[in-house]
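First chain written, first letter: the chains are A, B, C and D, and each begins at residue 1.
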Amino acid sequence: MITAAATALLLAASLWLAAAAAGGLAERALGLRFATVLSTLGGASALVGGLLVAVHGAAAARTLGSGDLVGAVTLRVDPLAAVFVALLGLIALAIGLYAPRYHTPGGGTAWYTTVYNLGLLASLGVLVAGNATFFLVAWESMTVCSYLVVLRNHRRRGVARAAFLFLALGETGFALIVAAFAILAAHTGTLDLGLIAHRSSVVPAGWRDTVFVLALLGFGFKAGLVPFHIWLPEAHPAAPADGSAFLSGLVIALGVYGIALFGFQLLPQGPAWWGLLTLGLGALSAVVGVLYALMANDLKRFLAYSSIENIGIIVTALGAALVFGAYHHRELEAFLLIAGLYQLVNHGVYKTLLFLETGVVEHTTGTREMNALGGLVHRLPATAVISLIGTLGIAALPPLNGFVSEWLIFQGLFQGFRISNHLTGIVIVVAGASLALTGGLAITAFARGFGIPFLGMPRSRRAAEASERGQPIVGPGLLAAACVALGIGAPIVLTVLDRVARATTGTDIKARLLVPNLTVIPAHTGFSGFSPTYLAAYLACIAIVPVLIYLAGRPRARTRTVPVWDGGILAFTPRMQYTATTYANPTRVTFDAFYRPEFHVERASDDPAGRSGPVHYRFRVMPIFDRFLYAPVIRAVRWLADLIRPIQSGDVNLYLLYIFVVVIVVYLIYPF
Amino acid sequence: MTEQQQVEAELHERAVALFRRSLHIRTFDSGSCAVCESEIRLLSSPYYDLHRLGFFFTPAPRHADLLLVSGVAVRAADHALRKTFDAMPEPRIVVAVGACALGSVFTEDELVHGSVDAVLPVDVYVPGCPPSPLALLHGLLVAVGRLEEKVQAFRFDLRERNPA
Amino acid sequence: MSVAVRRVSESELNQEIAALAANPAARFADLFGAHEQGRVLVRVIYALDQEHRYLMLEAPVTDQGHPAISDAEPAAYVEECELFEQFGVRPSGNRPLNRVLMPPQSENTFPLLDGGRRAAVPRELRAPLHVRGEAFEFPFGPVRVAGWESLYMGLVTTGEEVLDLYLFHWHKHRGIERRLRGLTPERGLFFVERTEGLSAASTAWAYCRAVEAAAGTDVPASATATRAVAAELERIYNHAQAIALLCQTTGLSVGQAQAEIALERCLRLNLAAFGHRYLFGVVCLGGARRAPDSAAITSLLPAAVTELERAAAALLRTNSHVDRLETCGIVDERTAHRLAVVGPVARASSVPIDCRRDHPFAPYDRTVVSVPVGTAGDVLARMEVFVAEIRESKRLILELFTEAEAEVATLTGRDGAGFGWAESPRGETLAFVAVDAEGRIERARLRPASVRNWRAFDDAARARNVFTDVPIIEASFWQTVAGFAR
Amino acid sequence: MIWFLRGLRRGVVTTRYPAHADPWAEALPTPPSFDPQKLTFELAERLAAACPAGALRRDGPDLVLDLAGCTGCGRCCEVGGEAVAASGSFELATHDRGSLLKRIPIGADRD
C-alpha cells in the first residue's frame, strides 16, 4: 500500500514537473490545455497517494543520496502530512479543471502555468521533506513560486506592491523558521526530521521554548495569523483567481502544517503555555479576520479576511489540542487535532471553490466590487448554486462540511473545564466563546458575501449583462460535491482522520468518536452527540413539507401574480437595495471602537443655493495593524537601512574585503 | 351576466360575508385636502374606536380586505393606487370616501381623473365633505353588509319623516 | 395693510434680491409668476417684519431665463422649480432644477398654467436625485401609515443614520392654481378652502383679504372678529392633532388617546360654534357667513382646552416621551433663517415671526398677540410652542368672540390685484389674486405655510437622526402635503 | 407617571353608534331636503346657481341633487327659505352611485 502511495506521489511530482515544462506551450490554447491536463492528473495522483497514506496510517520514509549532514535528501510521508498532500491534490485537480477556461492563452499565461506547477511541486516537496535542508529549500521555492503567482498581472496597479509585501513577510517568516531549525540541528546534531523528533528531549527546555516560539511566529507569517496577516488582503486581490485559491487553500495551510509539525512531531509534549499561546493567536485571528471580512467590499479581500478567520479557527483547535496534551488529556488532544484537521480540509475545499467562483464573477462582470454587483443568480445560475453550497459550508450551516468541523471544535473547546488548572480551562472556554462570536459574525459576513453579489438587482451595467457561457463549471462543481460529501460522509472522514491522529499523538479514539451503526459522534462520553448523515436525511425530508403544503393548497386557490409590495413607488432602482457597506452597518456601529471608521459625505443639497442633488457617501475602516504596528516597523527599518547604506558602496574591492573578513572570522570561530 | 360571472359574483358575496366579523383596512390618499385623512385617523380614536366593530387599519395592502380611497384621484398617483389595489388579496372592497373621491369637487382635467371610478372599481361610495367619522363607520358597515343602505329609500322630501 | 409694490427690470431684480438676501431684517416669503401681455412677470415677495410691511418686486422676464434667484436666496429654490413647471421659464445659467409638482412620468413635457405645453427639457438640466457611493435610498411611501397623506420619502441612509432625504410631493398635485383661472372669486373660494383643508379658515382668510384688497372693500370689524375666532379654533385643533401624532410616533398609546379625545372635543366645538368640524364655509368674501355660537364657545372651549393642556402637561412630564423629542430633528436658527421657515417651526428655532403681530391686520391690530418662542429648535421645542400657542389662542377667542358677527360687505370694484396674508396653524399663509375686468380670476397664487416649511424638513431629518426619528419629526412639523402640492 | 391609570380615570367616551344614535351628530352638515310644493322653477335656478359645489341643477321638470357632490354648506338653505332645510341625514353610503342622484319634482306633488 505504501509502495502504491509512494508511486502515486512520485507520479504526481513527475506530472507537475512535466506540466511546468509544458507551461511554455500555454501560449496557445492546445498547449494550455495539455499543461493543465498534466497538472490535473498530477493532482489526482497526489490525492490518491495522500489518501492511501492517511488510510494506512503509518509513515513511509526513503533516503536518497549519502548520509552527509547537508547532502542527503530524505523523503518521508507521515499520515499528518498525507492529509495536506491529499488536500493539495484535490485543489490542484479542481484548479486544473478550471484553469483552461479561466486563462487566455498567451505569454503571461505560459509563465504563470510554469510557475504555478512548480509551486505545486514545491508544496509537495515541503510535505514530503524528511530532513530540514530539503524542507527549507522546498519552503523557499514554494514562497518564491507563490510570489511569482501573485505577480501574474504585474502591470496592474498595486500588484507589484502586494507581491512584494507577500515576499517580504514570507522571507521574514522564513528567517525565523531557519533559526528554529538551526537551533534544533545544533542541539540534536542531525537534520533528519525523524531523528530530530527522537532526540528532541535532549534539547534544553529554554531552547525548546525558543524554537517553538520561532516556529510558531515563522509559520504564522505564512499561515496569516494576526498580526502577520496583512499580506493576505493585499496579495489575494492581486493574484489571478486560481492563484488566490492556491494561496488560500494551500499555502496558508502549509503554515498550519509547519506549526503542527513542530508542535506535535518535532517537539512533542511541550508545556501548556505553548498551546495557550497558539490558542490565543488563533482566537485573535478568528475574531479580527471576521470583523475585517464584514467591512471588505472587494470580494477577494473579503475572502482573504475570511481565510484569516478560518486559519484562526484551525490554529485555535491545534492550540487547544496542545494544551489538552500538556495536561495529559490524550483523548481530547487527539479529538481536537482531528477537528482542526477536518476544519483545515474543509477550508481548503470551500475557500478554493469561492475563489474560483469569484474569478468567474470577475471575468463576467469585470469587477469584484460588491457594490457594483447584484442579481447574478439570474445571470450566472450554476455559479450561484455552486457558490451557495460553498457559502453554506463556510458559514458552518448544517448539513455541510463546515458545520461538522466547527461543531467538533466547539465541542472540544467546551471540554476545557476538564483541565485541572482552572485558569487554563477558562482561557480555553473563552477561546470557545470568541469562536462562537466569530461563527455568528461569519454567518452575517457570508449572508452579505453571497447576498449582495448574487441576489437583488444588478448595481452596474456590466453586472446586468453578465453571461455564464464558456465559464468553468466542472472544477468548482467538483469542490461543491466535496463540500457535501465531507459533510454527509463525516463518519468516513473521521475514521480516516482518526488514523492520522493515532499516528501523530499515539491515541486512538475511534471507539469513542464513532458509536457503531448510529454514526453518532460524542465529543466526550456522555456529553453530546449527533449524526451529520441522519441530519442531512432529516433536512431533506422536512424540506419536502413546504412543497407538500404548497401542492396541497394549490388546487383550491386561484393564483394571481403581482409585483412585490413597494409602497407604491414608480419603480425599484438598484440604489434602493442595501449595499455591502450598509448591510454590515450594525456590526460597524457595535464595534466602532475597533474599526475607527472615517466617513465622508457629500451632499449637493449642502450647496449654498440649496439645490437638491445626488448624495455621495464613502467610508473607510482604519487599518489599525498597518498604522500602529507595521508603519513604525517600516520606519525603523528605513532608518536602519539609511544608517548602514555607506557599507553598500558598490565598490567590488570593498566587497572582496568583506568576504575575506567573514572567512577569517569563520575560521577563527570554527574550532570552538 | 355569463355563468362564469355569476359564479364569481356569488363567490364574492360569500367571501364578503366573511368580512362581517373582522376586516383590515388600507387607506389611500389620492389627493385629498388632508381633512378626510384626519377623519379617518380619528376612527381609531377613543370616541369612535372602530376596533370594537372588528375593523383594523393595516399598513400592508397584502393584509388588507378593504381599500379606503380619499381624494380626487390625481393622475400622478394612479400608479401607486393601482399597485396598492393589485397588492390586495381577493376578495377586496374599494370604498371611495368624500366628495372629491366621488368626483364632484374637481372635474376631470390633465392632472386629475375627477373620480376614483376612473381608476378602480368602487364598491361603496361615502359622500360628505368631509364624511364625519360616523358617516365613515356607516360606510364601512354598509360595505360589509352589516347595515342597510338608507339613502335609496330616502327621497329628500321635507314633508317625509326623517328615517333616522 | 402695507404692501409696497416695486416694478424693476430683469437686471435690477438681481441686485435687489442680493441686497434683500443680505439684509437680515428681510425674510423671503414667496416667488411666483404671472402672465402679462404675452410675457412672464416674476413676482418676489419679501417680508420686512420689523417694518411691518411686505415688499413685492415685479420684474418681466424674457424666455432666455430669469436671473437665478436661488443663488442669492436659497429659500427660493422650490418656488423657482415651481415657476418652471407653471410657466416654462427657468433660471439663467442652466441651473439644475428638481421636479416639485409634476411627476417624472410626465417626462419632459407637462401642461403649463395657461394650458400650453413646455417644450422638451434637456436631461442634464434636471437636478438628479439619486445616491452615489456606499449609502442607499430607503424608499418610504407614497403609501405609508394608514391615515397619513401620500408622500414619498427617499431616506438616504447607511442603514441607520439618515444622511439625506428626498421628498416627492407630486402624488397629490391637483393644480388648484390652474383651476382658479377664469373662475369668479366666490367660486374660487370653494377650491381655496379645499387646498389645505386643515387650515381652511386661515387660507380662505388670506385669499379673501387678497380679493378684498383688489376690490378695495373694507370688511366689517365684527366679521374680522369672526374670522379670527375661526382661525384660532383652527390653530387649537391642529396643534391638538400634532400632539396626538407625536404620541402615535413615540408609541405612547394612552397619551395618543387622551390627545385624540381633546382633539375630538375641539372638532365638536368647531361644529357647535360654526356648523363645520373643519370650519369650512365660515370665511366668505367680504366678511363671515356664520357667527360663532357664543353658548358653544363659553361652555365647550375652556373644557376642551383644559383637557388638552392636562394631557400635554402629563406628556411633558413623561420621560419616555420627552427623551424621544429632545435633540431630535433640530432646525437651527441659521437654517431657519436661510430657508425662511415660518410658523411654529420657525418660532421653536428662535425666529420670532408671526404675521398676526408683525403684519397686524384686523382684528389683531386691536390686541397684543404674545408669540411664544423656543430656542432649542428640536421636536420638544416645537411641542412646547404648540402648547403655549393653544393657551394664547384660547385667550384670543375669549377676547374676540363677543364682538363676532356674521356680516358680509358687498364687494364693489371688481378688477385689480390684491395681496393678503393670515397666520395659519402652520405659519404665515399668503395669497395673491388678480381679477380681470370681467370679474374673473386672472391669476391666483396661494402659498400655504407648508410650501415654506417642508423645505426645512430634510435639514431637520438628517441632523444626527435615525430612521425612527423621521415620523416624529414629521409629526412635530405637522405640515400637509396637500398644502405643498395644491 | 402611570399612563395606564390615567387612561382608566378618563372613563369611557366611545360612541354607541350604530346601535344607538349619537346626539351630537345632529349638528353635522347634511344635504338639503326640499318641499316640492314650495319649489318654483325660478327658485330652482337660483338654488343651482348658489350651490358652490355644483351639486344642484335643474333638469327639465325636476331639481336634481347629487348627494356625492353636496358638501352640506347650507347655502341652498339660505337661498331657499322655507322650501329647503337640512335633511339631518349623514348615513348616505351606498353601493350604487346612481342612488346618490335624487330627483325632486318642482312645483307639484306628482307622486
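Here is the rule we go by: a contact is a pair of C-beta atoms (placed from the backbone, for glycine too) under 8 Å apart; a residue touches a chain by one contact, two chains touch by 3 or more.
A quick note: this is a predicted structure, and the numbers were derived from the prediction, not measured.
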Supply the minimal count of touching-chain steps required to go from subunit A to subunit D.
2
If you tally C-beta contacts across A-B and across C-D, the winner is C-D
Which integer distance in Å separates the CA centroid of subunit A from that of subunit B?
63
Interchain centroid distance [CA atoms averaged], subunit C/subunit D, Å:
31
Using Cα averages as centroids, what's the distance between subunit B and subunit D in whole Å?
19
As a quick test, compute the distance in whole Å between the mean CA positions of subunit B and subunit C.
30
If a residue has to touch 2 or more other chains to count, which residues of subunit D qualify?
10, 13, 28, 53, 71-72
If I count partner chains per residue in subunit B, which residues reach a count of at least 2?
46-47, 61, 77, 79-80, 83-84, 105, 129, 132
Indicate the residues of subunit A shared as contacts by at least two other chains.
566-570
Can you give me every chain pair that touches, using the contact definition above?
A-B, A-C, B-C, B-D, C-D
Provide the residue numbers of subunit D that touch subunit B in the complex, in ascending order.
10, 13-15, 17-18, 21-22, 25, 28, 31-37, 53-55, 65-72, 83-85, 87-97, 99-100, 102, 104
Could you please specify the touching residues of subunit B with respect to subunit A in the complex?
60-62, 77, 79-81, 83-84, 86-87, 90
Give every residue of subunit A touching subunit B within the complex, in rising order.
558, 560, 562-563, 565-570
Using the touch definition up top, name the residues of subunit C that touch subunit A in the complex.
68, 70-71, 74-75, 77, 95-98, 104-105, 127-144, 150, 152, 156-160, 163-164, 166, 338-339, 455, 458
What residues on subunit B touch subunit C, complex-wise?
25-47, 57-59, 61, 71-72, 74, 76-77, 79-80, 83-84, 100, 105-106, 109-112, 129-130, 132
